[in-house]
Amino acid sequence: MIRRLFRWPLMSASLFAMWLLLNRSVAPGQILLGAVLALALPRLTAKLRPTAVRVRRPWVALRLLATVLWDSFLSNLAVARVILGGRERRHRSGFVEIPLELRDPHGLSMLAAILTGIPGTVWCELSDDGSTLTIHVLDLQQEEDWVRTVKDRYERPLREIFE
Amino acid sequence: MSVLPWACLAAMLCFALAMILATLRLLRGPQAQDRVLALDTLYMNAMLLLMAMAIRYGEVLYFEAALVIALLGFVGSIALAKFLLRGEVIE
Amino acid sequence: MELIISLAIGALAGSGIWLLLRPRTFQVILGLSLISYAVNLFIFATGRLSIDQLPIIGGDRPIDIHHYADPLPQSLVLTAIVIGFAMTALFLVVLLASRGLTGTDHVDGREVE
Amino acid sequence: MNPIPDWAALLASLLIVAAGLLALVGTLGLWRFESFYQRMHGPTMVTTFATLFSCAASALYFSMAEGKPVIHEILIAIFVALTPPITTMLLARAALYRHRRAGKEVPGKDDLRGGAAADFGELADETSLPELPSS
Amino acid sequence: MMRSLLDHLLIVPIVLPLVVGGAMLLLGERRTRLKAGINVAATAALLATAVALLRRVNAGGVEVAVYLPANWPPPFGIALAADRLSAAMLVLTSIMALCSLVFAIARWHRAGVHFHPLFQFQLMGLNGAFLTADLFNLFVFFEVLLAASYGLLLHGSGPDRVKAGLHYIVVNLVGSSLFLIGVSMIYGVSGSLNMADVALRIAQMRDGEHLLLQAGAAILGVAFLLKAGAWPLNFWLPPAYAAASPPAAALFSVMTKMGIYVILRLSLLLFGDDAGASAGFGSHWLLLIGLITLSFGALGMLAAQNLPRLVGFSAIVSSGTLLAAAGFRSPAVTAGALFYLVNSTLALGAFYLLLELIERSRSYGADLLALTREAFGLDRLQVDDDDDADTGDAGVAIPAAMAFLGLAFVACALLLTGLPPMSGFVAKFVLLSSVLNPGGLTPDVGSGVPASAWVMTGLVIGSGLTGLIALARMGVRTFWAPSGRAVPRLRVIEVLPITALLALCVALTFQAGPAMRYFEAAAAALHAPHDYIRGVMAARQVGATAGVLP
Amino acid sequence: MLPFVGSAVAAFLPANARNREAWLAGAIALAGTVQAALMYPDVSYGGVLRYEAAWLPELGLSFSLRMDGLAWIFALMVTGIGLLVVLYARYYMSPEDPVPRFFSFLLAFMGSMLGVVMSGNLIQMALFWELTSMVSFLLIGYWHHRADARRGARMALTVTAAGGLCLFAGVLVLGHIVGSYELDDVLASGELIRTHPVYTLALVLIALGALTKSAQFPFHFWLPHAMAAPTPVSAYLHSATMVKAGVFLLIRLWPVLAGTSDWFWIIGGAGLCTLLVGAYAAIFQQDLKGLLAYSTISHLGLITLLLGLGSPLATVAAIFHTMNHATFKASLFMAAGIIDHECGTRDMRRLSGLYRLMPVTATLAMVAAAAMAGVPLLNGFISKEMFFTEAVVVGNEVGMRFALPVAATVAGAFSVAYSWRFMHDVFFGPPPRDLPRTPHEPVRWMRLPAELLAFACLVVGIVPAYTIAPFLATAARAVLGEQVPHYSLEIWHGFTLPLLMSFIALGGGSLFYLILQKGLRLRTVERLPLIYRFSGKRSFERILTLATALADRLTNSLGARGLQPQLVVIVMVAVGVGLCAARGLPSLRGPVAPGAADPAFALLWVMGIVCAIGCAYQAKYHRLVALALIGGSGLAVCITFLWFSAPDLALTQLLVEVVTTILMLLGLRWLPSRKEPRELGLRTPASAWVHRGRDLLLSVGCGLGLAGLSYALLTRPYPDTISSYFLEHALPGGGGANVVNVLLVDFRGFDTMGEITVLGTVALTVYALLRRFRPAPESIPLPHQQTDQGKPDGDGRGGVDPSTGYLTVPAVLVRLLLPAIALFAVYLFLRGHNQPGGGFVAGLVLSVAFILQYMMGGTVWVESRLRLVPQSWIGLGLLFAVGTGLGAWLFGYPFLTSHAFHPTLPLIGEVPLPSAFLFDLGVFVLVVGATMLILTALAHQSIRSHRAAQHTQAAAEPGERPWN
C-alpha cells in the first residue's frame, strides 16, 4: 500500500514542493493538501507517462547544474557579443553532428534542455535511431571541440545519472 | 524615493522594445518557423515584462500571470511547431 | 493612458471590421476575434482605468471604489471572453463544414465570378 | 508593502535592468541574424539569464518587502528551463524538413563551414500551409 | 422554513430546462425515445408553469412578480421579473416549444445528435431573456438562446443549412458585439445594470452623459433590431429560417419576437415619459424602420419564388408591423401589437411546421437527412450514427393527408395575410383600429391623425395584399397544379401540433375580447413602468443577512 | 336567427354521398329561406331586428347581426336562390366530382354571404366580405386540374380580396370618423362623414371594395374568367349573390356616402363605363357563360350607375333591378348549365337549333333573356324604365343633358343585341352537328329551379304591384327612411321619353344584332372589336408580372443575399446610429483629466496594433502568419488587463488565447491553402479595389468611432456605481476576497450559469456538426509532412507509445509537465475565491494539460489510456452548478443563494467552504468537458485520414502481388 502510494517519490516530492511554493505557505492545511495532491496526481496521470524516471546520483546532478549555469552565463555574454558585434562574427555558425550513447529518454530530455538552455547551441535533430544528434552552433570554430564538450561535460554526467 | 521603480520602468521599456523587435520578426518572417520563434520570444518577453511590473507595483499577484506564461505560454508555440512539422496538431 | 487604450480599441476594432468584411471565412473568423478583443477592452474600460488597484479585498486600502478597480466590468469581460471563445470554436467548425460541403472558403459558399 | 533597504533596492534594480538588457539583446539577435538557425540562438538569452535575473530581482524584492523568504520565482525558472526546448526542437526539426523539401541539403557540407546558412533566409515563404502533397 | 414551489415559480422556466438538458446529456447519445419522452414531459411542465405564472400576474394585486436569484438585493444582484408581457411571452414560447417538439419527435430529432438537450437549452435561453430584469443577464440569455439556435439550425447538417448557418452565426456574432458595447456603455454612464435602476438613473443625468447613454442605447437597439429582423439588418433571416429544420424554424418564430419584446420593454422603460431629456428617444426611428421593414417584407413576399422564403418574408412583415407599432408609443397601439404578435408567432410556427410536410409531398423521402458519410467511402468505420431501431416514419398515416395539408395551408395563409376568419384579421383590425384611434373610439371632429398612421394602415393592408397574391400563387402551384405528386404519409404527431396551433388561432379569434383586455393591461403597464420599477427595486432579500445559515 | 352558423358548421362535416350532402345543403338552405321569410313582419315598415354578442367591445367590434328590409331582401335572395341552386347542383354535378367539397364550400359561401348582408357591424361585414372572396376562390377553382379554373380563381381572389382589403381600410376610416363601427351609428352620422376631410379617402376605399366585388370597370375582367367555375356556382355567386355584395354595400352606405359630386363621379362613372363596356363585350362572346358574364357586368354597371346618380328614386330602381337581375340571370345561368350539361359544350359557334331538342329549356331561357333585354311584361322592363327615367331626370340636373340618356339608350340597345344573340344563336338555326353529346331535356328536378325563376320574371313583370311591391317598399324604406320617394311600379306610364328610349333600344338593338350577324359574321369574331387591346385580363396579368419583377428587383437592391453586403450595412448602421445619438456631445474629451501615459504601455500597444494590422493584412493567404499575429494582439490585451488591475481577466485571456490557437490549428488542417492571385497569374479586378476602398474607409471609421466613444467615456466622471456594494459585501456576504470571483460565482452567479450553458451548448453543436463532417476533398489525404517523414514508430494502437525518435524528447518533457500542470489547475481552482483563478481558468488549464498529451501521443494512444466522456462532463458540470443553486431551496432561500460553511478541522483549523465553491466546481467540470469535447471532436477527424491512408495501402497491396 505504502509502496504503491510512493511509486513516484521524486515526482511526488517535486509536486509537494511546487504546491508549497505556489501557496507561499507552510500552514498545516496546505501541507496536508499538498501531500494528498502530490501523492494522488502522479497516480492519476501514471497511464499517460509510460517511461519511468530513475535518478541515481543526485550529487552528479547538482554538479551538472552548476556547470550548466556557469556555461550558460558565459555563453550569454558570448552570444551578446556576437549579436552586438560586427557582421562577420555572425557568419561562423554551422551544424555539428554528435554521436550519442545516451539512450534514456529522460537523460536525452535533460541534454536537450541543457543544450538549448545554453545560448549558442541549439538541439536540432536526433536521428530516428537515437544514435546521432545534430546541433546548431552559433560560433563554430572547431567542430571537434564541440563534440568533445557536449560528450564530456554533459552527456557523461547524464548517463551517470539516468542510466 | 527609491531607484527601483525607475529601474523597473527601464527594464519594462527594454522588454517592450524587445517585444517590438519580436513583432517585427513575426511580421517579416520570412518563413513560418521564424514567425513561430518570434511568437515564442514575444511570450517570453511578455512574461519578463510582467515580472518587472510585479516588482514595480510591489504586487505579487502579477507574478501569477507570469507563471502561467512560463508554464503554458509555450503551448501555442509548440502547437504551431507541431503543425509545421507534422501537418496537423493532433495526429 | 486613456488615449492609448482608446486608440488600441479603435485599431483592434478597425482591423477586425476590415477582416469581417472580407470574403474568406478564415478572414472573418480572425476579424471576429479581433472585434471581440476590442469589445472586451471596451467593456473593461467602462470601469475606468485603475493601476495597482486589484479588486481583491486585503491590505490596508479602505473599501471604496476609488481604491479598487471596478470588479463588475471585469466579471462582465470574463463572461464575454468565455462566450467569445465558444463562438469562435463554433464558427470555426461551421466554416470547416462549409468548406467541405461547398468546395470553397468564400463566405457565400460559392466563388463570385 | 514595506519599504525595502536601499542595498536591496539597488541590487534588485541592477538585476532587473540587466535582465532587461539581456532580453533586449537576445531579441535583437532574433532580428539581426540572417538565417533561421542562427536566429534560434538569440531568444535563448531571454529564457536563461534574463529570466534568472528577473527571478532573482523579484525574489529579493519580495523577500525584503514581506519580511520572509519568497522563492516561488524558482518555479518560473524551472518551467522556463523545461519548456523552450520543446518548441525549439520541434521548430528546428520542422525547419530542417522544410528546407529539405525545398531541395536544400541540410545539414549539408556548406553549413559545416558556415556562411552558406544565410541562403536559407531567401527560401520562398511557405507559410500558407498545409500544402497539397506534390504528386 | 421550506418555501413552497410557488415562491420559486419564476426561476422554474429557467432551471427546469437546464436540469433536464443536463440530465439528458448523461444519458449518452442513444436512447432518443427516452429523451423524447423526458423532453415532452419537461416542456409540458414548462407550459403549466408559464400558465401558472400568467394567472398569478394577471390576478389582482401582484402586477410584477420578482425573484432574486442568489438573493442579493436589487439593483446589485440579478433580478428576474415577470409582468403580464413576460408571462404571455413565456406561455407563447412553451406552446410553440411543445408543438415543435411533438412535431420533431416524428422524425427530425433523429437527424443529428443532441437534439433534445439543445432544445431544452434553447427554451432556457428564451425564458431567461423574457424574465430577466438585468441588462447583462439579458445578454447572457441571448447568447444561450443563440447558441442553442445555432445548434438547432445546423441540426441535420447539409450544404444549405451550413451555408445559412454560417451567415446567421456571423451576423449574430456581430450583433452580440454591438449588444456588449451598448450594455457596457450604459453601465459606464449610469453605473448600473438593473433595467429598473438604469431607468431611475437616466432621469437624473446631466447633459453629456445622457447623450452617451443614448448612443449606447442606440447601439444596443441595433443589436435588437438585427434580431428582430428589421430592415436593413434582416437579409439573413429568410435563408436562415428556410434552411433550419422545421421544428427549429417554428421555435425561431419566437426569436424574432424576442427582439421586438426587448425593444418594447427597454424603450418604454428607459425612455419613458419620466426619462427627462431622453424621453421618447428613438421612437421616430422605430416607426420609420418598422414601416420600411414592413414594405420590404411585403415586396419580398411578392418576389419570393419558393414557399420557405415567402414565409421568411412574412416573418419580416410581422416584425416590421410590430416595430412600427412600437414607434407609435401609444398604449392602445401597443396592446394591439401584442395581440398581433401572439397571432403572428402562432401562425408562423404553424406554417414552418406545415412547410416541411408540403415539401415532403413534393419529393417524398429525398429531402431527409442529408447524408455526408459517403465522403470517404468509409461509412462503416465512422462511429455508428444516431438512428435507433426504427427509422422514423413507420407510423399511422392519417387519411386525407392532402386535404389536411390544403386546409392547413389556407388557414396559415389567411393568418399571415390577415384575412378572415382566422385571428390574423382580428389582429390587424385591433392594430389598425388603435393606430387610427389612439385615444379610443370617439367621433373624430377634425382632430386628425398623423400621416404615419395613414401610412401604417396603408402598408399593413398592402402587405396583406402582396401576401395574398404571393400565397395564392404558391398555393395554387403547390396544391392545384396537376403534378401527380405522391400523397405524403403524415403521422398523427405531425398533424397534431399544426392543428393545435391553428386551433389556438381560432380560439384567439373567438376569445379576442378577454385576450385584448389582458394585452391592454400589459400595454398599460409597459407604458407606465412605475409598477415595474417599484416592483423590481423593492424586492427584498430572503432572510435578514444573506449567506449565513440561520 | 343564425342560419349561416349552422351551414358553416355543416360545411365542415363532409360525407361521401352526393345525395346526403345535397339533402343537408338543401335542408339548411330551406331552413334559412323559411326563417328569413318568417322575419318579414318584423322588418316591414322600417322595423329592424338586432342580435348582438360581445366580442371585442373595447375596440368597438361586436358580433352583431342586424336585419332590416334591405338585409331581408338580400337574405331571402341568398337563401332562396341558394336553395334552388342546391337542387340544381344535385343533378348538375357529376358523380366523379368531389361533391362533399362542393356543397361544403357552397354552404360556407351562403353563410358568409348572409353574414355580409346581415352584419350590424362594419368590421364584421368586411370580415364576411373577405370570406366570400375566399370561398368563391375555392369554388371557382373547384375543378383545379384545369388551368383556366386555376387562373380564374386566382384572378377573382386577387381582385376581390384586394378590394376587400380596401373596404376594410375604408371601414376603418369610417370608424375613425364616426367613432364606431356599428352600422346604426354610421348610418346616423351621414353629415359628419360627408363633411369630414378624409371623406374622399373613405369613399374611394369603399368604392374600391364595392367595384371590385361587383366587377365594375376597370375591375370587371375577373368575372368572365370566373366562369371556369361549375355552372351552379356561376348562377349563384356570379349572378345572384356575391357580385351583388358590392351593390349591396353601395346601397347600404348610400344614405351616408351618396349625394356628393365625388360619389357621383366615382360610382356613377364606374357604373356608366361598366354598363357600356360590359354590354358591348357581351355581344361578341362565343362562350355562352362568357356572354352571360359580360351581361352581368353590364347590368351591375347599370345598378351602380343608378346608385351613383344619387337620387332616391334611382336607388329604389337599383334595389329593384338587383332583385330582377338575380332572378333572370340565375335562371339564364341554369339554362346555360343545362345546355352545357346536355351538349357538352357552351360554344355558341357549335350550338344551334336547340329549340327543337329541348323546347322547355329553350322557352325558359328565352323568357329570362327577354327579361334581360327589358322586354315589356317582364320584370327587367320595369326596372329598366325606371333607369331611363332617372337617366333623363338626373342627367339634366348634373349637366349631362344628352350624354346620360344617350348612353342609357345605347346600353339598352346593346343588351337587346346580346339577348338576341343568346336566343337566336343557341336555339334557332340548323340542328347542331357533332356535339360531344346528344342533347335532350334534362331531368325534371334539374329544370325546376330555372322554371321557378322564369316564372318569377313573368309574374313580377306582369303584376308587379301584387308581387314585388311590398318587399321593394320594405327594402327602400330601410335604405331611404323618410326619404322614400313616390314611385309606381305600373307597366304603363303613358307615352313618355323613357318609353320612347325603351323602344329605340329594343329596335336599335335588334337592328344592331342583324347588322352584326350579317355584316361582321359574329360567329368568327375571336376578340373584341375596337377595345380588345384594353384587355383587363392581360393588363392584370401584366401588372402582376411587373409587380413581381419589380418587387424582385427592389428586394434584391434593398436587400442582399451575400454576407458581405449584409455586414457592410450592419456596420454602417451601427456606426451611423452611434454617431447620430452622440452627435450633440459638446466635446469628445470630458472633464476628467487622463492619467499620465506610460511609455512601456505605449510601446506595448505599438506592438499590439502592429500585430492587429498585420493580421488584417495577412489573413487571406497566410493564415498561419495571421494566427501568430493575432496571438500578439491577444498578448497585448492580456497585459493590458493585468496593467489595469484585472489579473483574472489576464489569466483567462491568456489561456483562451492558447486554446484558441490550438483550435484554429486543428481547423487549419481541414482548410486547404489559398494561392495568391499573383502566384496563379491572376489580377485583382478593379471592382475589388473599389470594395476594398469602401471597406477600408468603413473600418477606419468604425475604429475611430469606437475609439472616440471609449475616450469620451473614459474622460467622463465615474458614475455612482453599484460596484461599491460588491466591494463592501464580497468578504462578509460572499465569503471571498477576490471580488471578481465572488461576482462570478455569487453576486452574478446566475450569469455564469448561463455562460457555462452557452459553452456546453456550443460544444454539443460542434460535436454534432463534426459527426456529419465532410472535409474538403483536398484536405483528406495525409499531410505531406507525414507521408514524407512517416511516423517514427507505430500509430499508437495497442498501447505502443508513438512518441519515439525525434518526438521522444518533447514527449518526455510534456509528460513530465502533466502532473505539474494538473497541480497548477487544482491550485488555481482552490484559491479562486480569494485570489485570481477559479473554476473557469482551472478548467482551461487542465484541458490544456490533456491536449498537450494528445499532441504528443496522438488521439488513439491517449484515448486508450484516458477515458474521458466529455459529454457527460458537460452534463455533470451543469447539474452540479444547478444542483448547488437548488440546494438553497432546501434552506428556504432563492435559487443560487450562497452559504458559507466554516467547518473546523483538527490540526488545520477553520476551513472556509462557501457553497459558491461547489458551484465553481460545476463550472470547472463543465469547462473541462466542453473544451475537451470541442478539441477532441476536431482531433478525431484526423483518424479518418489515417484510415483512408491505410485503406489505399491495403487496396494497393493485393494489386501489386501479380507483378511480383
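Chains here go by letter, A, B, C, D, E and F, matching the order in which they are written, and residues are numbered from 1 within each.
By our rule, contacts are C-beta pairs under 8 Å (C-beta built on N, C-alpha and C of every residue); 3 or more make two chains touch, one makes a residue touch a chain.
The structure presented is a predicted model; accordingly, all values stated were derived computationally and were not measured.
Asks: Chains shared as neighbours by chain C and chain E?
Replies: F
Asks: Quick check on the contact graph: shortest path length from chain C to chain F, in steps?
Replies: 1
Asks: Across the interfaces A-F and B-F, which one involves more C-beta pairs in contact?
Replies: Between the two chain pairs, B-F has more contacting C-beta pairs.
Asks: Based on the averaged CA atom positions, which chain is farthest from chain D?
Replies: Greatest centre separation from chain D goes to chain F.
Asks: Name the most central chain, where centre means the mean of Cα atoms.
Replies: Centre-most chain by C-alpha means: E.
Asks: Most remote chain relative to chain A, going by C-alpha centroids?
Replies: F
Asks: Centroid from C-alpha atoms only, then distance chain A to chain C, rounded to Å. What do you get?
Replies: So the centroids are 39 Å from each other.
Asks: Distance between chain B and chain E based on Cα centroids, please, to the nearest Å.
Replies: Taking the average C-alpha coordinate of chain B and of chain E, the gap between them is 47 Å.
Asks: Just how far, in Å, is the C-alpha centre of chain B from the one of chain A?
Replies: 22
Asks: Give, as an integer number of Å, the spacing between the C-alpha centres of chain F and chain D.
Replies: The mean C-alpha positions of chain D and chain F differ by 66 Å.
Asks: Two-or-more-chain contact residues of chain F, please, as numbers and ranges.
Replies: Within chain F, residues 561, 563, 567, 571, 598, 623-625, 627, 643, 647, 668-669, 672, 674, 706, 709, 713, 718, 721-723, 726, 748, 751, 755, 758, 761-762, 765, 769, 773-775, 777, 782-785, 789, 806, 809-810, 813-814, 816-817, 820, 824, 835-836, 938 contact more than one other chain.
Asks: Which residues of chain D are in contact with two or more other chains?
Replies: Residues 26, 28, 40, 42, 47, 70, 72, 75, 79, 82-86, 88-90, 93, 97, 125, 127, 129-130 of chain D each touch two or more of the other chains.
Asks: Two or more other chains touching the same residue: where does that happen in chain B?
Replies: Each of 12-13, 15, 17, 19, 29, 32, 35-36, 38, 60-61, 71, 73, 78, 82-85, 87-88 in chain B touches at least two other chains.
Asks: Output every touching chain pair, sorted by label.
Replies: Every touching chain pair, ordered by label, is A-D, A-F, B-C, B-D, B-F, C-E, C-F, D-F, E-F.
Asks: Quick one: which bits of chain D touch chain A in the complex? Just the residue numbers, please.
Replies: Interface residues on the chain D side: 22, 25-26, 28-29, 32-35, 37-38, 40-42, 44-45, 47-49, 70-72, 74-75, 81-82, 84-85, 88-89, 92-93, 96, 106-107, 111-115, 117-118.
Asks: Show which residues of chain F lie in contact with chain D when the two form their complex.
Replies: 621-625, 668-669, 672-675, 778-779, 781-785, 787-789, 806, 809-810, 813-814, 816-817, 820
Asks: In the complex, go through chain A and note every residue touching chain F.
Replies: On the chain A side, the touching residues are 11, 14-15, 18-19, 22-23, 27-29, 32-33, 37-38, 41-42, 44-45, 47-51, 53, 105-106, 108-109, 112-113, 123, 125-130.
Asks: Under the stated contact criterion, what part of chain D meets chain B in this complex?
Replies: Where chain D meets chain B, its residues are 1, 3-4, 6, 9-10, 12-14, 16-17, 19-21, 23-24, 26-28, 30-31, 36, 39-40, 42-43, 46-47, 50-51, 54-55, 57-58, 61-62, 65-66, 70, 72-73, 75-76, 79-80, 83-84, 86-88, 90-91, 93-95, 97-98, 121-123, 125-127, 129-130.
Asks: Name, in rising order, each residue of chain B that touches chain F in their complex.
Replies: Touching chain F from chain B are residues 9, 12-13, 15-17, 19-20, 23, 26-27, 29, 32, 35-36, 38-39, 42-43, 46, 49-50, 53, 61-62, 64-65, 68-69, 71-73, 75-76, 78-80, 82-91.
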